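Dropping a structure here in C-alpha cells format, bear with me for questions.
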Amino acid sequence: MATETASPSIQLGDYIVIQRQKYTKLQKFGSLDTTATLGKETLELKSLLDQPYGSTFKMSVKETKPGKRGAQRQHTLELCSETELNSTREALGISSSGADNRDICDNGEAQSLKSADIEQLREECNESSKIIEKLVENSKTFHNRTEYSQEKYLRKKEKKYFEFVQIRQPTIRLMLDIFYRQDAEKIMGIRVDTLSQIISYSGVCGLGSYLLYESGTNGLLPAAMLNSIGAGTEGSLVHMHPGNVPQKQALLALKLPLEQQLRCVSVNLYSVLREFYQGGETIGSNLSVTEPTEVVREETQPETPTEDQPEAIEPSTKKPKLEEVKGEANKGPPRWQLENKRATALMHNKFDSLVLAAKEHPSSILQALLPLVKPSRPVVVFSTCKELLQETYMELKTSGKVTGLHLTSNWMRTYQILPNRTHPEVNMSGNSGYLLTGYTLR
Amino acid sequence: MATETASPSIQLGDYIVIQRQKYTKLQKFGSLDTTATLGKETLELKSLLDQPYGSTFKMSVKETKPGKRGAQRQHTLELCSETELNSTREALGISSSGADNRDICDNGEAQSLKSADIEQLREECNESSKIIEKLVENSKTFHNRTEYSQEKYLRKKEKKYFEFVQIRQPTIRLMLDIFYRQDAEKIMGIRVDTLSQIISYSGVCGLGSYLLYESGTNGLLPAAMLNSIGAGTEGSLVHMHPGNVPQKQALLALKLPLEQQLRCVSVNLYSVLREFYQGGETIGSNLSVTEPTEVVREETQPETPTEDQPEAIEPSTKKPKLEEVKGEANKGPPRWQLENKRATALMHNKFDSLVLAAKEHPSSILQALLPLVKPSRPVVVFSTCKELLQETYMELKTSGKVTGLHLTSNWMRTYQILPNRTHPEVNMSGNSGYLLTGYTLR
Amino acid sequence: MSFLKPKTHIEKGDVVILYLSVSSMHAIEAVPEIVNKKGETIPHIFQTNYGSLKVENIIGVEYGSRVELSKGWAHVLQPTPELWTQTLPHRTQIIYTPDISMILHQLEVRPGAVVIESGTGSGSLSHYFLRALKPTGHLHTFDFHESRADQARDEFRRHGLADFVTVYHRDVCNLGFTEELDGQADAVFLDLPAPDLAVPHAFKALKLSGGRFCSFSPCIEQSQRCIQELTKLGFNEIVSMEVLQQESVVKTRTLPVIDLEFLKLPKSEETTTTTAANAEESKAPKEVKKYLTSSNPQVLPGHTGFLTFATLPPNIPKV
Amino acid sequence: MSFLKPKTHIEKGDVVILYLSVSSMHAIEAVPEIVNKKGETIPHIFQTNYGSLKVENIIGVEYGSRVELSKGWAHVLQPTPELWTQTLPHRTQIIYTPDISMILHQLEVRPGAVVIESGTGSGSLSHYFLRALKPTGHLHTFDFHESRADQARDEFRRHGLADFVTVYHRDVCNLGFTEELDGQADAVFLDLPAPDLAVPHAFKALKLSGGRFCSFSPCIEQSQRCIQELTKLGFNEIVSMEVLQQESVVKTRTLPVIDLEFLKLPKSEETTTTTAANAEESKAPKEVKKYLTSSNPQVLPGHTGFLTFATLPPNIPKV
C-alpha cells in the first residue's frame, strides 16, 4: 500500500461503496447483472468492471417503471471526466439576491411547474443543472430569497437531481459511516469516536496476538482490528462470537490479502472455551496444535474469499443444514473444530489485549477471558449500557486484577464552517456508548 | 425598579459584592470597621458608605503585615473616576512582537527583578500599570513573545497587581456566580443553567402560591423564587427545610422590601407537616388561621432585616439555646409555630407548583408534598444523583399522578471570542445536576 | 385568557393544552363553535390521533382532568410558556426553554422590569418575558415583518397579556427602538441576523443606571461582530455561551447474563463430534437481569445558538 | 526499546511506567545507574509520593508486577502511547488520546502507511502514528524548533522506533515537506498556527491516487482559513468536528431516605409546645440506601481543538 500509486480496479465479487453526493452505500458487485438501488433510482453496475476505484460515473435514465412509492427509474452508468463535475451553482450563475426574507410570503404556490412537468423534464433532460435551471426559472420567489436561502434551495434540488455517482473501495472509515447511518443497532451502536478509541486503547497493531469477543457488529469490529494488524505483519486475532457463524460482511468487504484474512480466527465462545478447558481428548487429536495454520489454510482456501458471502452477511438467521454439517464431516473434522484448535493454541500462549463488546452482561465473559490475557496489557470493554460497566468497574476494582480503570464516553459534534455562516451542526448523535478501559496486572 | 434611574447607595448592614477584575465576593458591610479580605489584600470598607452602587474604588496600600502565606497588605479605598480605568495594555503601548515563539527558551530566568524588588516596587508604586511596566522592562523574553503570549503575560500580571475594585449590589445572578465558584456543594451543585430552568419550569412569578423544599442552598433557592415572585405582587412562597433554622444568606443579601420578605414563609419540614395533619388542636388556637400574615408581621419585624444575619448564614451548625427558646416562649407562641400556622393555611389552599431540591431521596418527600399541589401545575425535582431521579421517574409514571415527565440535564460551555482567537473555553463545568419535571393531574 | 395567572377551571376562550403524550400535544381554543371555510358557524370538533374531541365539553372542566376522545383520552392542561413553546403555530424558528431560561436569568428579569425584545418572531420568548415581568413591568417587542407583529399583538390580547406588552412593526437595525424608549430599559434582547447594527440602539435604550444585554445568534461570526460593537460602546462582563439540554430516556432494560463456568466441567453424556457449534449455545444456561437505565436519545440538539451577554455599567454618558 | 512490541519482562534501557494511582504515574528509564549534576555515576533511585524505588531492582521483573517502594508499592507497566501521553515530558501542548484516535481513524493509518506530521511537538501523537504504521510504513515528522526535533529524534531512537521515522527540522509553511516526499504520502497531519499555509504543501505530498488530510486547530478562524484553502485545491469530504471525552466517576453513594408518614399519626406522649422545631428532626426515623452511581467530574475538558478532515481525490493534477 505504501508504494502503489495507481488505484486498483473494480472486480466482480468486490464489495463497492457507491457515493451520490453525501449518500453512501455498501454494495456487492456480484455479477454483471447486479443492480444497486438508491432511493428511486436503480443503477446497472456492469459498466464498472475494470474501471479504477475512485472513478465517477454519470447516471442516464434507461426506463421508468411505476413503483409503489412513485416512479422507479432504471439508469445505466457511464464513466465521466472530472470536468463534467462543475458545481451547479456556477453553471446557473445566480447573482441578484434579496437582502433578507421580509418580502417572502410562503403560500406554497411559489413553483409554477407542476409535478408532472418536472417528471417529464427529468426523463428528457439528463443533467441536474438543466433541471434545476428550469425550476429556478419557474420559481416566483427564488430571486427574492437571501443568498443563504437560495443556496439552501439549490442544495436541496441538487441533492434530488444530482446525476453522478462515485465508486469507492470500502475502508473501515467508509463502512462505519454507512453502517452507523443505516442502522446503528446492527453494529451495536459503536460510533466513530468510540471505534477509534477501541483501536487505540486496545493497542492492536502489526505485532502481537489479540482477543476480541463481540456479539454482532456485521464484522466491523474484527475488520477494524484486522485492518490495524495489517498485511504482511505478525499480528493475529482470535475473534469470539456467540452465534453459529461469525458475522463477516465488513471483513470480506475489505478484500484483504488471504494471509491477512487467515490471521483472524473466528470461533464460537462456548465451543472454544470447552475446547480450551477440555479439548485435545475428545476430537481432532490428529491435528498438530503447534502448527494449526498450515493445516487449516488448505481446508479453508476454497471457500474463503467470495463465494460464501451471502451466507456470511446475515448468519444469525440461518442455521447450517444437517446435510452441510454431514458433508463437512465427511471431508474430515468440520471447519469450526479446526478453528477452535487454532484459537486454543493462541489462547494457551495468552493475548496482548482483550476487546469485549457484548450485548450480554460483560462481567461473566470478562471473568472467563481475563485469565487469557498477559499482565500489563490493555483491556477494553464496550457497552451501550453504562449501568453494566459501573458494575463491572466495581468488580474489577475489587478484584485487583486490572488497574488504571476508566469509564468514559464521548461528546462529538460536527461543524458547518462556511464564510459568515459558521456554527455547530444543529443535530448531533446522542450516544457514543461507554468504554471501560484498564491494564491487567500479574 | 422600573422607574428608578439613579443607583441606590451603599448602607451599613448591606451585603455588597466586591469585584476585582473577574473575582467577586459577597461581603456584609456590617459596620464602619468592617474589612474584606481578597487573597493577600485586606480592604477597609468605611469609605464605601453612602456612595452609589456600581462605583469603582482605588486600593491604596496603608500597611504591610507579615502573614502566614507571605505579606498581607492593608488597603484604604478611594472613590475613583472612570477615566482612571485605562487598560494596562494601552498605557504600556506594546508594539514589537515576535512572529512566533521559536526563539524562546524558557529557562526560568527571564525576569531579572527579584521577588523582594517586586515587593518593594509594590509598596512604593500604587498603580498596577507602573508595576507591570517595570516587570516588562526587566523581562528578557517579553519582546520576543508573540502578541498572544504577550497579552497572556500582561493579563496574568494585571490580575495580580490590579488596584481597582467595584462595589455592586447583590443580585441572584451575581450571588449564584460567587456561590458556585466558591463552593458549589453549599448550594447543592445547582449550576446557573439549572437554576434558570428551575425558575422556568416551576412557573414561579408574581401571581400564585409556591412550595419549595430544599435541604440547604445558603438561601439561594428561596431567594431566586422570591425574586421571581417580585415586590408589590400577589405571589407567596412556602419554603420548607429540614433543619432548625432556614439558611437565608442570599435572601437577606437581596435587601428586598419587607412586604416581599414576609411573603416567604420558612418552616421545618417535619414540624409543618405535623402541624398540617394534626395542628389546630394542641397549640396556637388563639391565632387566626385565615389572616396569619398580620399577626406574624409584628412578631418578626424587629428581628428580620439585618441583625440576626450572622446566625442565619450558617444556621446548620448552631442550635438555638434553651434561653432563647424560653425567651421567645414568654412573649407568646414561638416564631416557628406562627410560621407553621401561616404555612399550613397556604397548604390547605394548595400550591401552584412544587420545587424540590433534596439531599435525601426525593421520593418520600414528593409523596408527602404532591397532594398539596393543585392539578395541572408544574413539579420540578432537582438532584445531583441521576439514579434517584430515575427511580422517582418510574414511580411517578406508574402512579399516574404526574404527566409530561422529563428527566434532563444540561451541557453548557462558554466561549472566548476574540479576533482570530475564537474557541470554546478549555475547561467547562461537568455537572449541571438533573431535573425531573412534569405536570400534576387531577 | 389562560396565560394571565394560575386558574383552576377552563373558561370559554381559554387556550388549553390537550396533552396526549410526550410527543403529541395540541393548543386548542376553548370555544364551542368555530367558523368554517365557507363562513358557516359549526360546532368546534378537534381531531387527534386518538379520535375527536367536542371542544364544548371541556368548558368548565378542571385543569388537569382527563377528557374522553372518541377513540381514547387525553388530559387538559393550563398552558404555560413551556407548553406553549411546544405547541404554538411556528411563524419563525423559535428559541426553546433551556436558552430562554438562561436569557431570563442573565437579563435579571423580574416583576417590574422593562424589557426590549427584537424580533418578536413567533412570540415564544415574549410569553416567558411577560410571565417574568408582569404584573408591574412592561415588554416592548419589535418585528420588521408586519404580519408577524400583527399576529403577535392579536395573540397577546387573546392570551390576556395585552396590558403588559407593546408590539411594534419596525426595522430596529436602521431605526432604533423609538425615542420614547431612550434610557427606559432594564434589559435588551436581540435575535437578529445583524445584531451588531442594533447594539448602538440597545445602548441608548438602556437606563443610565445600567442594564443587561443579550444577543442570540446561530452563527459565530454574528457573535464576533456583536462583541466588537459591545466592547466599543463600553459594555463589560461580556460572556458567550452555549446551553444544550440533554434528555435522559429512562427505561427498564432486560439483559442476558451468560454462564461460562459450566464449560470447565466435562459434558455428561451428549456427543460432541457431529453437532455444530451452535448446539453449545442452545444448551448454555442463560439468565436475565433487569436494570433501570437511562440513556440519551439517538439524536440530540447539537446547536441552537450562541448566547452573548453583557452589562452596560452605570453612568456611561450616552452622547 | 519498550515501544517496539509487546514484551513480558523489563530489560535494561526500557522505559517503564511506574503506576501509583490513576492520577499519579511516572515514566522511568530502567537503568541501574545515572549520572548526577556533578558528573558522578550514582545508583538510580526514583522518588515518589510513596517513597523511593531502587530502579536496578525492577530490571528483569515481569511487566504488570507489583514492586515495593520504601513507603508503599506500585505497579510496573509496559508503556503504550496512551500511558506515554500521560507521563511524557511536556515540551509543547499535546494532543490526547480521544482526538488522536479520531485522527488515526480518519487518516486511515494502518501498517504500511506513509504519514507526514507537522509539528512533531512533544512526540505524543508520533508514538501513536508509529504504533499504527509499523513495521511496514514510515512517519515523516517535521518541527521548526530545532531542539524539539533533536529531542524527538533521540527519544524515538531510545524507544526502539528509529527505523520507522524520519525527523526533520524545517519550517514547512515556507519550505514545504521536501521534494523527496512529493506524491509519497497516504496522509498528512498538521498542527500548526497557520495550517492554511501548509495546505498546498500537503496537496503536493499526497499520492496521486489520493489521500487523507487532517488539521488540528485550537481556534475556529484557523479552521476557517484552512478549509478555504482545501476547497480551492480540490479537496473534498471536508468535515470539521470536536471530540470531548467525558470520564464517569463511579462510586457507591449512601443516601438518606426520610419517612414522613409517621407525622400523620398523633404523637404518643411527648410534649410539643416548648421544644424547638429541631426536636422533630432528631426523632424522625431515617434509613439509608446505597446506590452505585456515576457522575462527571466537577471540571471537564471543554475544548481541545477543532479537527478538520478532508480527502484528496485520486488523479488531481498537481501542477
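Chains: A, B, C and D, in written order; residue numbering restarts at 1 for each.
In this section, a residue touches a chain if its C-beta (ideal position, glycine included) is under 8 Å from a C-beta of that chain, and two chains touch if they have at least 3 such contacts.
In UniProt terms, the chains line up like this: A, B = tRNA (adenine(58)-N(1))-methyltransferase non-catalytic subunit TRM6; C, D = tRNA (adenine(58)-N(1))-methyltransferase catalytic subunit TRMT61A.
Since the structure is predicted, the reported quantities are computational estimates derived from the model, not experimental observations.
Trainee: Chain by chain, through touching neighbours only, how many steps does the shortest route from chain B to chain C take?
Mentor: 1
Trainee: Given the two chain pairs B-D and A-D, which is bridged by the higher number of C-beta pairs in contact?
Mentor: Higher contact count goes to A-D.
Trainee: Find the geometric centre of each of chain B and chain D from their Cα atoms only, then give the gap between the two centres in Å, rounded to an integer.
Mentor: Taking the average C-alpha coordinate of chain B and of chain D, the gap between them is 38 Å.
Trainee: Could you work out how far the Cα centre of chain A sits from that of chain D, in whole Å?
Mentor: Measuring from centre to centre gives 27 Å for this pair.
Trainee: Averaged over CA atoms, how far is the centre of chain C from the centre of chain D? Could you give it in whole Å?
Mentor: Using C-alpha averages as centres, the distance is 40 Å.
Trainee: With chain centres defined as C-alpha means, what is the inter-centre distance between chain A and chain B in Å?
Mentor: It comes to 51 Å between the two C-alpha centres.
Trainee: For chain D, what residues touch not just one other chain but two or more?
Mentor: 220, 242, 246, 292-293, 306
Trainee: Listing for chain A: what residues touch at least two other chains?
Mentor: 386-387, 411, 413-414, 422
Trainee: Chain touch graph shape: choose line, ring, star, complete or other and state it.
Mentor: Its topology is that of a ring.
Trainee: Please list, in label order, each pair of chains that touches.
Mentor: Pairs of chains that touch one another: A-C, A-D, B-C, B-D.
Trainee: Within their complex, state which residues of chain C touch chain A.
Mentor: It is residues 144-145, 147, 193, 218-221, 242, 246, 253, 255-261, 263-264, 266-267, 272-278, 280-281, 284, 289, 291-293, 295-306 of chain C that touch chain A.
Trainee: Please name which positions on chain D make contact with chain A in the complex.
Mentor: Interface residues on the chain D side: 4-6, 8, 19, 22, 62-66, 75-78, 80-83, 97-98, 100-102, 104-106, 108, 110-114, 128, 131-132, 134-138, 183, 186, 207-210, 220, 223-224, 227-228, 239-248, 250, 252, 292-294, 306, 308, 313-316.
Trainee: Which positions of chain B touch chain C when the two form their complex?
Mentor: Listed in rising order, the residues of chain B that touch chain C are 1-2, 4-7, 52-54, 82, 171-173, 192-193, 195-197, 199-201, 203, 205-208, 227-234, 352, 374-378, 386-387, 390-391, 393-394, 403-415, 417, 419, 422, 434, 439-442.
Trainee: Once bound in the complex, which stretches of chain A touch chain C?
Mentor: 100, 102, 105, 184, 242-244, 267-271, 273-274, 277-278, 282-283, 319-320, 325-326, 329, 334, 336, 359-361, 363-365, 367-368, 384-388, 413-414, 420-431
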